[in-house]
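Order as written gives the chain letters A, B, C and D; numbering starts at 1 within each chain.
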């Protein structure tokens, strides 16, 4: 394991310290907790947004703490949901009197830990609402299983619900918009290489020299299948095909696209992928309102990428294009 | 070689197409050339900035084309300086009547190709000035060799000279500010792993399981030495030490810091590095005005990072903090 | 209570000793952290209990549950944490641990897990070790066996439950994403449940008057 | 002119055949692209000359130089490009290629490289092959040797120059960043210069009346 770290056990703590030192204008640490909140938290009179999850997905989620997106982010151990006490603390610190929306990715652990925190905060009289993001079409959606995973599409929920909260909307309205994003966002990824959880010290899976994993999860969970590496175009076509099988977008409708690097992928390759994704959408007369390209929801040093498509209506588009000022996403 | 591409020979072309499709609000292609310029080029009445170099350093340089930074970026073959005709074309397209500043990284090839382009453009009557960035303290600076290489510090030149140009300053003034940045910026990097030029198909060097290269160049040029991987803190201390040996910064003075990922490094590790870099500077009573952390000047999928320190005065600080709106760097 | 602390210490020992094994099981069909999470949690429990000599058994279990909830994370943290809290609640005010009380504790723990995780037996989770264990325990109890014998039979049933998880498709937890491809793999959480029962049985054997 | 085109084709062939070797040499002390760059350039030259049958020799050299400048990039592109442009300028208006003209062309090419690259002999560059080659060429010429013999001796001197680059420290080009650690390594650009002279010699041998 070759990593630029000091101590596998301290990596989350040291990362959080480094993040606060890098972005003091945006975030501050909640002392004693693995929680970063806006430097000016709590923002009074605004619904607050809290997200979080295991570490190792940086810039998710602390990178999206700032005006127009999140109010707080909770960091678990690497690839492990944070614990309820941590989430509870975040909720208490960011609440500005209008309640708190928890943005949870659909993993059993995340849901249970965030739910326990919500119960604790509600007992304190804080209004809490929850949304669960489940954009990964690699996993079959069915009610008798745990359903689809939440991956890069979560960033669109942060962006759009965050913009809505900034308008002064109430908790139910912010939750409604978040649910609308979730209903309209789909993603799927592929990996060229595994990654190594620092505390584990070795990769959780291995791939042969020319083998790739299609549809893997952002914690190295196995995907739909393995295959020989194909061209960027063929791979993009497969992923976009799966996404559009699940999300009906008609000719003339508008979408936002995210080409997300998993941490070890050169931007050059993401652009090559985007060329094909854009062409595929253009071929169906689907308009792209905005493309995000880069590392938004990573898996440590994993090489690979995911494609996310978000179907827009007037409301979602306006909120997507609204300003944001956070460490990892700035737009104006 | 495991890469998400279609054809090693077409990778620059397809990347440029993908970039224009991703960022139509920022950039357009100069037809027939590997040149991206601002969507609204030429901007009349403003000095124009052109940079470029080999491809494989994305988001450098096309990612910095936009308001407050560059006007045009020229992409060479992977890791190979662009040719004079390409640079010449960029200069002609972006010139808004106030002249063009070429921002060149200090490599023999880049200098010769950009100089030839400048001669061609000057023959056409375009006012052209040049600056050469040489921030890499891993290489000894001496007048009888080619001197130090230009690496991540180049992004600070783009940012600050770009902000100056935006004020309506004339070519000599923009050049003066760029030279001031160059005089005050130093960088040094280290690599955990090599990268693979697509057309070559194999890494240009190899490292043993626990071995790292200190001071390597962004094209995989060998560095000062190899050593066993040390802690993030020890490595950061070595690099910052080399930088401050060369750049005298006194207690109470202010700097900007860039912790730059080389393409395959998780952001988590960059934050761990930043924790130490910030502590080292704080220990010397040096104030950090702003920290940039992420992938700014990469070497394809190389794992590793560089640290850049830019000493600020009032003028540089104001220009650094000025707004920018480009695909890879937005601030307001 | 010294015995309760020692019993929890035995659980901590077996979990920490099997950190890698549990992580590897989770790697195959999950996200390769179950052993890391559980070991982190039980290290913390060890630390907490080191400064808690005087507490009664119910408090020890409660402290264990709270500590697991606030240090394990993932799915296992809330599930095992809730289980220990519920088991501790049963013990509240009980002077001694007899077979009946042990059965009630196991039942309460399983109830907590089912409530929190909304899973049932047969979904390839820890329940596939714990529910058969509970059944074996109560059957032995009804046949008049000693606490140690009940535990031994419960552990055996849990071991069979772990084997059984290899033969079924996961429909809860991270392995459910794999659908049919989860077949043939052993569930990590069922394994940690079995290990804890095994450690408890070993502990009971050492402290049993008959030995 | 068909002969000029065929001569350039011979250069293209040897460079393209040595693409990997030149890249490997550049990998050791540079950035691993010299072969790729030169091969890309000469592929383009091949393409350009395929549609240029009727041109005179000076134009062929000019076209070669321009094409190298606009396709090779890096250090080698401007250097070799300038060299071919300058050599072509010497040939302008010349009916036949005699030994004197060849010497003047070589001299002009080297002059262009020195002007563009601001290097001198002994800095571990292509000049360490080309300048000894020029000296050997003119010495042979002064001794009355044929063009072919002059070329053969020049090529031999270039080969020695390539060997010599292993013994010196680079102070120009990318290898200069290595300082002393550039010792022992052979310069890629000197090697491509030697290869081109070798190809020219081979070409001259085939077309020489004496053979």
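Going forward, a contact is a pair of C-beta atoms (placed from the backbone, for glycine too) under 8 Å apart; a residue touches a chain by one contact, two chains touch by 3 or more.
Bear in mind that the values here come from a model prediction, so they are computed numbers and not experimental data.
Computed from the mean C-alpha positions, the centre of chain B lies at a distance of 32 Å from the centre of chain D. Chain C and chain D have Cα centroids separated by 76 Å. Note on chain placement: the centre of chain B and the centre of chain C lie 55 Å apart, centres being C-alpha means.
For the pair chain A and chain B, the distance between C-alpha centroids works out to 29 Å. Counting partner chains per residue, chain A shows two or more touched chains at no residue at all.
Viewed as a contact network, the protein chains form an open path, each link joining two chains that touch. Two chains count as a pair here when they touch; such pairs are A-B, A-C, B-D. Residue ranges on chain A touching chain B, taken from their complex, read 2-7, 11, 14-19, 21-23, 55-56, 58-59, 63, 192-193, 195, 209-210, 212, 229, 231-233, 235, 259, 263-276, 278-279, 288, 291, 293-295, 298, 300-301, 303-305, 323, 325, 327-328, 330-332.
Interface residues of chain B facing chain D in the complex, by the touch rule stated above, are 54, 76-86, 107-109, 112-113, 116, 138-140, 144-146, 149, 197, 199-200, 204-205, 217, 219-222.
For chain C in complex with chain A, the touching residues are 23, 27, 29-33, 36-37, 40, 69-79, 116-117, 171-174, 176-179, 181.
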